[in-house]
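Shared between the two complexes below is chain A, which has chain B as its partner in the first and chain C in the second.
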Partner chain A sequence: MQRVDLFPTHEYQGLKLRSGRPYPFGATVIGNAVNFSIYSRYATDCTLVLFHNHEEEPFIEIPFFKEFKLGNVFSMMVFDLDYENIEYGFRMDGPFNPQEGHRFDKTKILMDPYAKLIVGRDVWGQQPNWDSKYQYRARVVFDDFDWENDLPLETPVNDLVIYEMHVRNFTCGAGAGVKHPGTFAGIAEKIPYLLELGVNCVELMPIHEFDEFENSRPSPVDGHMLYNLWGYSNVGFFAPKAAYASTGRFSMQVDELKNLIKQLHANGIEVILDVVFNHTAEGNENGPYISYRGIDNKTYYMLTHDGYYFNFSGCGNTLNCNNPNVRDMIVESLRYWVTDYHVDGFRFDLAAILGRDQNGYPMANPPLLESLAHDPILGKTKLIAEAWDAGGLYQVGSFPSWGRWAEWNGKFRDSIRRFIKSDEHVLADVKERIIGSPDLYASQNRGIKASVNFITAHDGFTMMDLVSYDGKHNEANGEGNRDGEDNNNSWNCGWEGECEDVGINFLRHKQIKNAISLLMVSQGIPMVLSGDEMGNTQFGNNNAYCQDNEIAWLDWNNLEKNADLFNYFKKIIRFRRQHKVLRYEYHLGHNDYRNLGYPDFSWHGVKAWQPWSGYNDLTLAFMLNGQYADTDGVPDDFIYVAMNMHWDMHGFELPQLPEGMAWHVFANTEMAAPDDICEPGEEPVVENQGEVLVGGRSIMILVGKKAVK
Partner chain B sequence: MKAEIYKLGASLDSSNNAQEQEKILALFEKGTNVILDMTDCTYVSSAGLRVMLYSYKVAGSKGLKLYLVGVGDEVRDVMSMTGFEKFFEYFNTVEECQKAIGN
Partner chain C sequence: MENQFDVKQEGTILTIVLGEELATANAPALMDELNKYRDKGVEKVVFDATKLNYIASSGIRTIIFAKQKLGSNPAIEFVNCAKSIYEVFEMTGIQDYITFVNK
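Let's look at the complex of A and B:
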């Protein structure tokens, strides 16, 4: 059967047209036509501008006829376009009256907010034509990809070990040894490495189209070019960053990213996207016209009463997330990444902004967040909030969740960092963090699965720098070391920066092992910062957003130099993944509610069963009862962790195990490699079953299991 | 079973994808396997990749085969990165292909 409504009704300068379908917005191929549809509440007229690929001048500009407008939507079908060879944009006419919120300017050619393929920055760092009047160009996408039987993996969230990474930083550096550095294809080449490390989820820092040249400038320190490397500044919400694809020069970034995700899935690795819905790359009133401000400024942005841009993002403007139409765009975008790219989850940058109303006030039940929590397509998608914004709203523990949203647990980071550097005033807080932060997440049925635990993330020091620098060293960013976080809770172990002192370096490695141990034996979803497993340094720079060079790139030679760290990370990650008792979904009972002889979880000190026994509030131990975490009736082991953040060695009295079981030692950070950690399951028995000696600033992890005669 | 040889020009993209698609499918309509000779083809666009994969799927649905010959390094690399590579069987020359499939 052929459709009867796919015949042209109009002709304009030789092109055949027909009134379009208002929905879906964007450019959609229907039969031998492309349907263009765009919403603007306040525009009076709209023109479709078509270019042949890479050409400076359009070959045609087609006005939307009066009969092509329905409500506030302009839509038309254009027939017989060679759409692989077409770039399209819009001109919008309407009032220019900034005080009223309107900034229409029909001299500008504007990108489609729903563009699924954007060209113009196709090869990273290649200077664009700055005189071009249309910089970021929408194209019609081929959205057919052969996924075969792939789907999002739907790994239980409490089983995840997340690896936060950046497309360029991961494979641009020395020794990466890939054919396509800095690209999606480059990540695919490193899948065997990710498998060896043992993570089962990668969280990609922003991969939506952005402009690396935004605010690019030579560094006043040494003249090297500073770029927008991190990409927290969206040009479009539906298109992948072209220059992150080795095939971006052929505009095949969509297929290259899909192929990466398909391959990661085939290896059991989920993909979470870091998404930035709080602002766009258009900046404030002095910024460029890319799309939104010229299409419907008052719809897309939060504006002050006199028409200036609210700046809750710290980046010049704030997306008007709780305007119903912007909300729809965000929901559409997320659904698109899940249905078309099989993405497993999202981490929302500065998510507190998503809960502000159109005047900037925080809402109790923000409609956008509620929509996402209940969305049918996103029903199994991981939703993770960075639960604060640059406007001072801090919602860790109180982010509106409907039992669906998890959070980056910033308090885990702060408390564990302080504990590791022997802060004597943090023990009570550390205890909350280890058991999944019930003080934050026990309410609203959120549970342990709401807590994404981390010690390091892209913002702030790397793990190696956390133990090598007391203060930040951001001079290379060219802002007089004023940018970046001041409160790092770091300790340099006795010397500021890299050094040759064997004792200091041993202590640094030990502190890193202490940190990753606490991350992996705490309840909650652990997130590892890419590169920490090989001791990556940013030379004290804790805000490397603009350092597209050795500062931010992983130096893969560190794998060999810091082989003990990589070995430790691998094994502790495997240990977590093998022990269900470390991965509870809901908070623990702290009693023996199944009458098994031991509580599910118990605190201890240097004396068993007496958590208050210790030194300067720097010693603590806990025991998990594996009988409470059985798999098909087979109980897990007991796990006992002794933490001595005091500077002297202390004996820890061990709780007695059930008859026939014995304590075995899995890890002891005081020991030099290879005696610091063993293969999970091959732990040697502890000689003295009554007590272990734990070195100063050290952690021991023991496993209680059947004694082998 | 006999395989017909079909030779592509310098590129497979939106300028010729419809015509090439039609000609390749016509061969499958005749019930023959196809050896797609890409020795001279140095550029395959998104549309071109889809011609190849669509042809492969049509062949499969008819119990027929599509063999690729002389795929250049860059085209092969692009196919690998975009996920199109895995579907096909590759040969360096038409002769090598014919020998391998007993044609």
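Let's look at the complex of A and C:
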């Protein structure tokens, strides 16, 4: 049966047209036509501009006839287009009155906000034609893909071990050994590595189309080019970055990314996207016209009463997230990544902005966040907020969540960093963090699963640099070392930077093992920064957003050099994944509420059952009762963790286990590899069941289970 | 002509000799042609890619179409596939259900 409404009714310069479907927005193939639809509240006229691929001049500009507009939506169908070989844009006419918030300019060709494929930056770092009047071009995309049986994995959030990575940094560096460095295909080549490491979720730093040439400049230090490497600057919310695909030069980035996700899923690895809805790449009033400014400035941006751009993002403009139409765009973007790319979750950059109203004031019940928390398609999608912004709104623990949002727990990062470098007066805070931050998340019953714990992330030092530098060294960024966080809670272990001293390097490795141990045995969702497992260094640069070179790229030769670290990381990750008692969803009772003989969780000190800590508040232990975390009726083991962040060795009295069980040692960061950690499940029995000696600045992890003969 | 293709069935094997390109100019026509061979007992589809030097998204979809629509899960073979074309298959994930043969 043929549809009776799929034939042209108009003609313009040889092309056949019809009034389009207002919904969906963007460019959609319907039969032998392409439906173009775009919303603008304040535009008076719109023209569709079509180019043959890569040509500078359009081959036709079609005005939207009066009958092609419904409400505030312009839509038309164009028949018999060779849609794989055209690029499209719009001219919007309307008032230019910045004080009123309008900046229409019909001399500009604008990119579709709903563009699903964007060309113009197809190969990373390849200089575009700066004189081109239409730089970022939208194209029509084949949205079919053979997913076979793939769907988002719906791994329980408390079972995740997240690996934060950057598409280029992951495989561009020395020794990566991939055929397609710096691309989605390159990541796919490293799936066996990810499986060996044991992570089950990758969090990709922004993969929406962005401009790597934004703020590009030669470094004043040595002249090498600085780029927008990290990509926190959106050009389009529906399209993957072409230059992140090896097939980007053929405009096949959509298929390449889908294939990566399909392969990750086939190997049990979820995909979380870092999304940037707080601002766009258009900057402030001095920035370029790419899309939103020219399409509907007053709708898309938070503006002051006299038409300037609010700057809560620190990047020139702020997306007007709680405007109902922008809100719809954000919801549709996220739905699109889930339905069409099978993405498992999103981490929202500067998410506090999403809770500001159109005048910039924080709201109690932000409609956007409520929509996302209750959205039917996003019902099982992970939602993670970086719960602060650059305008001073800090919402860690108070982010409006409706029980669905998790947060990057910045307090975990700060407490643990201070603890491992032996700061005093931090113990009370550390205890809260280890048990999943109930002070932040128990009150709204958000549970432990609201807490994404991390010690390092793309912002700040790598783990190796955290233990090698007291201060930041960002001179290579060309901002006089003024950029980047000053308050790093780092300690260089006795020397600033790389050194040959065996003792210092041993201590650094031990401190890294201490850090990753605390991350993996704490309640909450752990996030690991890519490269920490091989001791990756950025040479003290804690803000490498612009360093598309060896500073930010992972050096895979470190895998051999720091083999002990990789070995430790993969075993402790495996340990966490095998022990359900480390992965509670909701906060602990701290008592024996099921009358099993031991509480679900208990604090200890150097004396068992006595949690007060002498020694500058730097000794602490805890025990988890595995009987509270059974799988199909089979209880987990007891786990005991002794943390001695004091500089002297101390004996820790061990709590007595039930009859027939004995303590076995899984890890001891005081020991040199290979005695620092063993294969989970093969732990040797501890000789003295009454006490263990924990070295200065060390952690010991014991497992209580049936005595191994 | 550079984009002409040639389709022939011999027994259970369907052979398609491709031209220099497989893209929107000819991929839809090839799909229409392949459609005629549904339920004709095809068990193997052989693409002769000796001349092929460019494949677009639409071309890739033609190959998936052949796998999905002709017979019950026929074997797909690519003969004399250029390295650049193979790499595109690899990066977009369809190399798994193709056997590559050089003659």
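Methods note: the second predicted complex is superposed on the first by the 707 of 709 C-alpha atoms of A that agree within 3 Å, B and C clash if a C-alpha of one lies under 4 Å from a C-alpha of the other, contacts with A are read in each partner's own complex, and residues count from 1 in each chain.
As a convention for this text, a contact is a pair of C-beta atoms (placed from the backbone, for glycine too) under 8 Å apart; a residue touches a chain by one contact, two chains touch by 3 or more.
The shown structure was predicted, so the numbers you read here are calculated from the model rather than taken from an experiment.
After superposition onto chain A, partners chain B and chain C are found to clash with each other. With both structures placed on the common chain, the touch criterion links A:Phe250 to chain B and to chain C. Of the two partner chains placed around the shared chain by superposition, neither chain B nor chain C is touched by A:Asp306. Once the two complexes are laid over each other on the shared chain, residue contacts for A:Asp131 go to neither chain B nor chain C. Once chain A of one complex is fitted onto chain A of the other, the partner contacts of A:Asp486 are absent, as it touches neither chain B nor chain C. Comparing the two interfaces of chain A, the one with chain B and the one with chain C have residues 82-85, 142, 144, 146, 179-180, 183-185, 188, 245-247, 250-252, 255-256, 258-259, 262-263 in common. Considering their complex, residues 82-85, 142, 144, 146, 179-180, 183-185, 188, 245-247, 250-252, 255-256, 258-259, 262-263 of chain A touch chain C. Contact residues on chain B toward chain A in their complex (touch as defined above): 13-15, 17, 45-47, 49-50, 53, 77-78, 80-84, 87.
Residue ranges of chain C in contact with chain A, taken from their complex: 23-25, 56-58, 60-61, 64, 68, 87-88, 90-94.
Only residues 82-85, 142, 144-146, 179-180, 183-185, 188, 245-247, 250-252, 255-256, 258-259, 262-263 of chain A touch chain B when the two sit together in their complex.
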